[in-house]
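Following are the structures in question.
Both complexes shown next keep subunit A, but they swap its partner, so subunit B is in the first and subunit C is in the second.
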Partner chain A sequence: MATFVLAFIVGMTYGGIVRKITARVHNRMGPPFYQNFIDAFKLYSKTSAIHHGAMHFLGPAFLMVSSIVSLMIVPVLIPGGDSWYNSWFTNMNASGDLIFLIYIMVFGSLGLALGAGQTGNPNSSIGVTRGLSQMVGFEIPWVMALVALMISYKTTSIVDFINIQQETGTWLMFSHPLAFITAILAMLGMFRYSPFDIVGAPTELASGPVSENGGKFLFTMMSSGSVFAFVKLTLFVDLFMGGAENLVILVVKTFALYMIPVLYGIVSPRYRTEQAVRFFWGWPTFIGLLAILYAVIF
Partner chain B sequence: MDMLTLILVIFLGGAIVTWLGNKLNSVLGDLLFLAAVIVPSGLFISGITVGSVTTLNALGLTLTWGLSPLSYLFSLVVVGLAILLAIYSVPFMNGKDKKGAFYFNFTLSIMSMLGILVSKDWISFFIFWEIMTWSSYLMVILNGKEVQKVGIKYFVFSAIGAYAMLMAMVIMNSQLGSFMLADTFNNFQQMSGTYQILIPLLLLVAFGVKSALMPLHVWAPGAYSNAPMAYTSVFSGALSKMGIYGMILVMVTMINQLPEGTLIRDIIAWLGGFTAAAATLWAITQDDGKKLLAWSSVGQMGYIIVGVAIGTPLAMLAALFLVVVHAMFKGSLFMVVGAIEKQTGTTDFREINGLIRKMPWTFISALLSIIALAGIPPLAGFVSKWMLYEALIQNNNYILVILLFFASTAGFLYCYKFLHGYFLGQEEPEWDHVKEAPVGMVIPMLLLALGTFVLGTFPQLLFNPIDNALQYVGYDATGGLLWTDSVLFSQWGNVVTLQPILYAIISVFVFFAIFLFVKGKKGKTRYVSTKDISTSGEIPKEWENLTFKVNFFQPFERAIEPFLKRQIDKYYNAFGNGLEALFEFTRRVYTGNGQTYAIYAILFLALLLLFRVNLFG
Partner chain C sequence: MYNDKNSQKIVDIIQNWARKHSIWVLAYGTGCGAIEIAPTMTSRYDAERLGIRGAATPRQADVLLVTGYLTVKTVKRVVRVYEQMQSPKYIIGFGSCTINGGMYYDSYNTINLLDKYIPVDVYINGCMPRPEAVIQGFVKLQQLIAEGKANGAQKYLDNLEWYKANQAKIAPKWIAKAPDYNW
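Moving on, here comes the complex of A and B:
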């Protein structure tokens, strides 16, 4: 429970800070960093006037399930660390491993796709097809990076990766640089910032899930998005940057990592879907193959 | 006459009696059909014990039948699908023509599949294999479009496989002197070296054709989509698994004893992985639900073949689990398509829209089955996929695991296409008349879909029979090592505990569903149709159909275009056309002119006279 609150607050704050940074880079003022909370509260307090059927309700629920269950599987803080609040953040990370995590992350987008399809908005369907196609694109290098790590250390449990980094003292970022580069390139696709934001970009689709869902639905979608961003960042930190002993280090590391896709995305144009898919199957896959070779040989 | 023979006789007799009864009276035909399938299936479940053996002496041959633990596992699939699909077929075939032929071939297929599973000697195996082939062929050409081409393709490929098997059988008999399966497997080493490689390859061709392994898969999309949907569930759910059954037998007995065994296993594993990936990509491009599911079946068989070919205990567990689960969710999905076809008259995605509120139970079955197909927890598909990936990584098949991951991720695309194509999108007035499918069709669908749900959390229900089967073919016990109640292990000690995850998922889901629902009801959120949307600030008119269906995955298809251009079907067609040209040329011998024939006779006599010394000594 505490994990969820942490993820929610941190995720929303990051979203707000990113909006501020994006605005400043674009030479405008931008909203205050707590804007996301104001938006969430406003959306929560509004009532939706219409709905399009039962699936419309269940779509955002699926999305939230995916985010929260992923959150439960990823260890937020290093277990057994020496902070007084560490026990608040223990979750079910002993119940699932990396492969399970990959699959549960997809569950949400499927649910959202169903809810969006129920609304009958054709732009939602277009957005979904683009999103799914892109996902096939970035999953390949992402899985390659993970497989490279799994081969080297003969485990698929995230807690084991944290422990290995604690024992050897070096972060996996430095001992497996090729895997890290592949994972970063895949992460650009995962976060859906430019150049891979064709899925929900307002100039591409004039409407879609964001316009059809209001009130409680949009609140759920927004908070799920923030939680999910936090989950992905924490997963990266756990795998490549040695985990976090306490909350301050966690915030610092995840924020530093988050800046990579954000800063790259602010100044990038957008790829078409097939260009994005072909990009991911090009250099990132090649580097991923090198990472696997490196893991096999060394 | 003991139980096994009695069961097979009831099936055979029931088929004939049903066909005759259907000619008399339609309802009588229905009742006889249900009796012909359900009664012997019930007898099979209750009366046959694993390990019992019977013999039948006929025409100077001794046929031996018995149920082994491995056969028991596959027979669960066959009998379960038979009962549920018999119940489904009666309302499905209501009012259609050629009902008698359908019932006849259906019952014969079930009988032949059970016969294959209980055969302990090659002759009965071959007899039942052939009955299975031609009864399914008759189903494929029952009705539908372009039956000629599709049927011929299916029959030619099945014949190639069957004659390969026949050749292998005869060679084995001449070398080892026996037709019994156990004898040929145990005395395998006594054959000469070339035969030791040739026999398994021939058998693998036979079984590969049936399980649609690439490049022998080209008959599958046409055959699966042309057969009536009630039969395609059995076709793809149980019939293709007969190929897997044969492959397991060949792999664990013959190929394990070969020094080149690992090479053959690797080749088969790579073919299986390639099948999974390529079939998934082809499924994404299909616009007809039947063809999409057909290609998806070919892809899932690829997964199973990879598991069987890798051969470690975890991989075999994964493959056998997927065998049963695939029969469940694919059977349910084909039933969904059949229900939609019956209610709307078409199965093309580009024509049907928005059936979700009109056929809710069908949608729920489809949703659960699609989630199982995609391999998403907490349903059963995830269990098999998890075990398969773990097995591959621990067996150092890294590139193969990447290929399978790619196939799974691309699988999400056609899963969404299936759901969106039939159930989502805008609701059009032309489909306002559609009602839910009859109860007899809905209940089997739902049962299979819910079965995947149960197996996802309690996979040990299935692991016990699988464990017995694996121990029978020579593996060590896996219980307690690779799985206990609701917990999966891998060799490295990584764990997935399924029950807490399921409860977590359900509780979060219910919480948020209520959260969204409650406020809505209090604030009187009213239902509006899908026409009342705010697309670009305009509200679509009644006659505008704004559903996005055509070229659904065009960006993705553009991205994989170089792959889609290469089809092995073209090579087969070219080969077939070349043969036809050759036959055209050879046909010219028959000129129809009596004087030419006279010349032929005189030339032949002249040849005989010239070479009479060499020919007749």
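Moving on, here comes the complex of A and C:
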């Protein structure tokens, strides 16, 4: 529960800060950093008299379930650390591994795809096909980076990866730079900022899969998206940056990592679908192959 | 539930505060007024600092911004868009054309007063209203929301027959066949 509250607050605040940073880059004033909380509360207090069938109601629920399950598995802090609040964040860290995580991180998008399909909105269908194509694109370098790590340390447990980095004292982003670069390139697609915002392109697709969802549906999607962003950032910090000893370090590390897709996105236009897929199957996959070779040989 | 000043509960006050600071606008930009939306949203006038941002679809929007004149043909679409929006929902009539027809007042196929077909909360006068005037209109809407007086959606529900009759006068066949939206 503490983890969920933390993830919600941190994810929403990051979203607000990103809007502020985007505005400053555009030479605008921008909304306050707590704007996302106001938006979420307003969406929750709207009526949601939209009915397209059972699957449409389940779509946002699937998203939320996927976010929470992956949040439970990813260790937020280093297990066995000495902070007094460390025991609050020990969820199911020991029982989940990377292979299950790869599966469960896709589950939410698939659930949303089913829900969006039932709305019958053509924009939703186009958004879903684009989203799944893009996912096929970035999942390959992402899995390659993870496989490289798994091969070189003969484990799939995230807790083990943190412990390895604690023992050797070197972050995996330095000892396995190729895997890290591959994962970062895949992360650009995972966060769906420009130039990979082809799924929910607001002016082009009318926000794609979420176009028939207002009110509480949109609130659920928004909060699950915030939680999921936190999960992904925490996973990257755990795998490549040695985990976090306390919450301050966690926030610093995740924020630094979050700025990569955000700042790259602000100054980028949007790719077409086939350009995005070609991007991911080009250099990121090649570097991923090199990373696997490096892991096998050394 | 009418939401007037005297009967606002504490929950209403908090909700209205959130609604006031988070206005998602669906710009119905078939009139010439749509040209003023871009400078209002971008860096010179920056409406996002007031919490105003664009919404992609009617389902997500709070405010329907009708920019400029409406022909008999487009008013049907506006009604359809308005009925798909989720309440609480507001309408801003933008430019003189929505008030009295503006320079198209004697045209055979434009409507003169938008308020006869859908309930307008705030009018912004001018031809064209500058971005300052647009932001002034939004601030006026924020005041009305905070005071609980912006209940056009409730007015539409209460006087549905009157609005439907007015719509049927200009588009009789369309109103008879119009599907029922679940608002």
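Quick note on the criterion: the second predicted complex is superposed on the first by the 293 of 298 C-alpha atoms of A that agree within 3 Å, B and C clash if a C-alpha of one lies under 4 Å from a C-alpha of the other, contacts with A are read in each partner's own complex, and residues count from 1 in each chain.
Definition applied: contacts are C-beta pairs under 8 Å (C-beta built on N, C-alpha and C of every residue); 3 or more make two chains touch, one makes a residue touch a chain.
As the structure is a computational prediction, the values presented were derived from the model and not from experiment.
Considered on the superposed subunit A, subunit B and subunit C are sterically compatible, since they fit side by side.
In the superposed model, A:31 lies in contact with subunit C only, and not with subunit B. When the shared chain is aligned, no partner comes close enough to touch A:163: not subunit B, not subunit C.
Contact comparison for subunit A: of subunit B and subunit C, B touches the greater number of residues. In the superposition on chain A, contact is made by A:23 with subunit C only, not with subunit B.
When the two complexes are overlaid on their common chain A, residue A:246 makes contact with neither subunit B nor subunit C. In the superposed model, A:39 lies in contact with subunit C only, and not with subunit B. Within the superposed three-chain model, A:47 lies in touch with subunit B and with subunit C [touch as defined at top].
Applying the stated contact rule after C-alpha superposition, one finds that A:212 touches each of subunit B and subunit C. After overlaying the two complexes on the shared chain, residue contacts for A:58 are found with subunit B alone; subunit C is out of touch.
The least CA distance from subunit B to subunit C in the superposed model is 5 Å. The intersection of subunit A residues touching subunit B with those touching subunit C, taken from the two complexes, comprises 47-51, 123, 206-207, 211-212, 215. Per the touch definition, subunit B reaches subunit A in the complex via residues 354, 356-357, 367, 371, 374-377, 382, 385-386, 389-390, 393, 396, 398-399, 401-402, 405-406, 409-410, 412-413, 415-416, 419-420, 423-427, 490, 492-497, 500-501, 504-505, 508-509, 512-513, 515-517, 519-520, 523, 525-537, 546-548, 552-553, 555-556, 558-559. Contacts from subunit A toward subunit C in the complex involve residues 19, 23, 26-31, 35, 38-39, 41-42, 45-51, 123, 202-203, 206-207, 210-215, 218.
If you check the complex, the residues on subunit C that touch subunit A are 14-15, 18-19, 21-22, 24, 42-43, 46, 48-49, 51, 53-54, 56-62, 85-88, 182-183.
Residues 47-53, 55, 57-58, 60-62, 64-65, 68-69, 72, 92, 94-97, 99-100, 102-104, 106-107, 110, 113-114, 117-123, 125-126, 128-130, 132-133, 135-137, 139-140, 143-144, 147, 150-151, 154-157, 206-207, 211-212, 215-217, 220, 272-274, 277-278, 281, 292, 296 of subunit A are the ones that touch subunit B when the two sit in their complex.
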